[in-house]
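Order of writing sets the labels: A, B, C and D. Residues in every chain begin at 1.
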């Protein structure tokens, strides 16, 4: 899918998603970065409005400043440009678990209406899955311990489901108050950024509702790409289209990362 | 007190003690070294018969090779000459606790007939002690986890008591089988090296008995310096007096450490 | 003290059928050559342990060496699925694969407990997830001071852990730098250990960020230049990102995988394998 | 992000009457200047935490700043007793001192739990000793997998931890090398932290064996050259062993200690204190 800005600049919906995700990160925040879409967005943020964003990768780097997109979560450039390189147990025990990280930036294979994430198995039978996914990795504890979680994921009926087949990482559980009951200290998913728009948890129910539409996308389109009866925020707004600077920076990053 | 070797070499009883302690260490052993007498003995061993003795200090050094006696347990020379420098939690958790260390080399303010060590308080009332001693330091876990423990201590009625006022570090508890009952994995004190001789636990009772006399010392003298009714091993032997090489090396070490 | 041996000798001596075997290396310094040597020596019924079973375990699983996998993330990083792993889990090919699944935090702490001589570790983890329903090595524990509920996981103590490092000296002291992952813990948790290194040198020149494993904490060291390929060894060579893509085409089908096995593992000469 | 402040400002802002305060540094890098600044600012009712209360705490205790000490070894290393500490414990002078006594392994693990956001730590410790009879922060815990009994100790989370390091950069990133003790854990366990450094530099040149604390994990940094004297700062100056002996003659009597307090702490000018 492509869209057109006022300046007639053409961009893809994936580019819009990465740019919208980057914009959500505040300068100076400490961000625990998953590989793929989250890493693209975090690195874009650091090269645009958030030069002092602190990137933390589970491979053991605090404050990485890569000048290209890392090819993996343990790309050598992450260690070479980091303020500190630490062991993997230390990442989880000394830095993530105590709540020192502002934003956990996650992807998802399946996401449900309460922001719960599945990256384990598709299908009801864990022992005989329809599809075996990679598994948990660092996500359950990132989702539990970061002050808030942003999820970046392409939206489709297949991936946006009423209830995930397997709760790998807890979002808002089965609704408002569940995180507190489970002893999870962070606020959980506060933003879900997709190629179509942005969803946020309803303050009353914690159910994800459509709160922002990317340029050129209509509500009905988003509903069709959602596996539950998606509610729309009364304050629904429009995402500003990518600026030329954002697009140029994103493309240069991706080019250099090849 | 001084004694005389066959070669008419004069030496002090403290020198005999350090040399006897050094001799007890086997080449290639991993030795957890307390400061003071144990450190002198361990460094002497490394410079005489045990060049591959691995010295481990609780300040965080594995394989220190100081060329003089360290002035403290955290002397810079220990870090500068170590194979690896690690944090203090790592010393205790990764290296001592799992039983990787062959010999724990400890001193004592008070020692009892079952080899229990007191470095906490003299007197019966913990809250109002007659003398407040430094406390536990690393000793309780050294005594628990090393494969065996050597104690180096000057012998006197005041320090060798029937029952210590406070068990800071467990030797053989109240006798045979107590260590197993307490879940302590090492063998506990297998040697107590003093300025008069060497005591070992009786294999049947774990009570310390006199098993070796230094040159020029008589049994009665040792009994008088012991606060319990000291038994004598049927295999009582004599310590070989210091060799000229041992004495010269010890004195050079102490001179360089000033 | 670590003994310096050949890769074939190290694997032959330290890895036995039925063993619990951990190969660690977090993206960096993955002991690929050692993994392939285990396949060459046709080990069977292994319980493989690894936080991130990626290509190295896709190969071992596809070759039928494993009966169980203990892990926290199984994928081809940056590329997609591990097809041999999926085929084993979904279809039991070539042999059924039992799995024991944790999170990274849980696995890292299991190694820490193992390295520390403790029977278990405590963490804030798993709460509200479906993992405890399927993984019986996740339990709850109560803080004796605050009454809080936390997760407990049992120590991992592999029969043998294998890692790759940059260098060792002739006495067998091992030097690693860059991302060090969970390798120290994996070695210290294991009953036996094998460290493959890029080179054995006379003296270990200190490097910022280094981690040194003393010789007496390691069982065997084997010099295996390029032993981490297609992963990387900082200071020696970069990650072969193209190979990770290429693996997808090999691993996708049983045929292409078996061709690869024959050509690249079983028919290779010793000198091709050791790179010397 | 850490703010760069003067020592007086750092202590003034971060250390309050009644706080739980940890000064750490294991023989190396003991924050002596910061300790004396706490005395100068006449803080009271502090709960002092330190594995090895040596001269730095003898001074704070003798000056009447502390009501409680949490520790594992209190002595003048290589010399003998801490006379001010003994006078406080045995005679309540100048104020009574409550003590909470652990072993090094217990204290180190209490900091580790604090740094890890856990309420307690588990270790093989204390079994058979008399410490649990007098220290109620030692309990037993049962392994949920093996049934084994182990010791549990609660996390230490000081209101403020103070350490000394070699260098910081202008952004407040801190660099330490040589013996690093338990300093990282002490800082990460604390609600607030102050790091005194030998110098603030433009760029932190990497050093083998270094540990870096990112600026955002530290509250304040103060440049205090020679701030660890009479302990040492590797790469800057050696331990002043003679001073440790000398301290014995100062600390032994109340008179000589009070003379020292007046002369060396209260009557010193700011410029003498900061060494600038």
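We adopt the following convention: a contact is a pair of C-beta atoms (placed from the backbone, for glycine too) under 8 Å apart; a residue touches a chain by one contact, two chains touch by 3 or more.
Note that the coordinates shown come from a computational prediction; the quantities given were computed from them, not determined experimentally.
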By label, the chains that touch chain B as well as chain C are D
Starting at chain A, fewest touch steps before arriving at chain C:
1
Determine the centre-to-centre distance between chain C and chain D, using the mean Cα coordinates as centres, and give it in whole Å.
40
Report, in whole Å, the distance between the mean C-alpha point of chain A and the mean C-alpha point of chain B.
58
CA centroid of chain B to CA centroid of chain D, Å
29
What are the residues of chain D that contact at least two other chains?
117-118, 123-124, 148, 184-185, 209
Expected list for chain B, residues touching two or more other chains, is 93, 97, 145
Chain pairs in touch?
A-C, A-D, B-C, B-D, C-D
Report the residues of chain C in contact with chain D in the complex, numbered from low to high.
117-124, 137, 139-141, 143-146, 148, 150, 152, 154, 206-210
Going by the contact rule at the top, pick out the chain B residues touching chain C in the complex.
28, 30, 54, 62-63, 83-84, 93-94, 97-100, 145
Help me check something: in the complex, which residues belonging to chain A touch chain C?
35-36, 58-61, 71-76, 78-80, 85, 87-89, 91-93, 96-97, 120, 126, 128-129, 131-132, 134-141, 144-145, 166-170, 173, 178-179, 182-185
Listed in rising order, the residues of chain D that touch chain B in the complex are 26-28, 51-52, 71-75, 77-78, 81-82, 85-86, 89-90, 101-105, 108-109, 111-112, 123-131, 133-134, 148-149, 178-182, 184-185, 209, 232, 234, 238-239, 241
Quick check on the complex: what are the chain D residues that touch chain A?
1, 115-118, 173, 184-185, 188, 211-214, 216-217
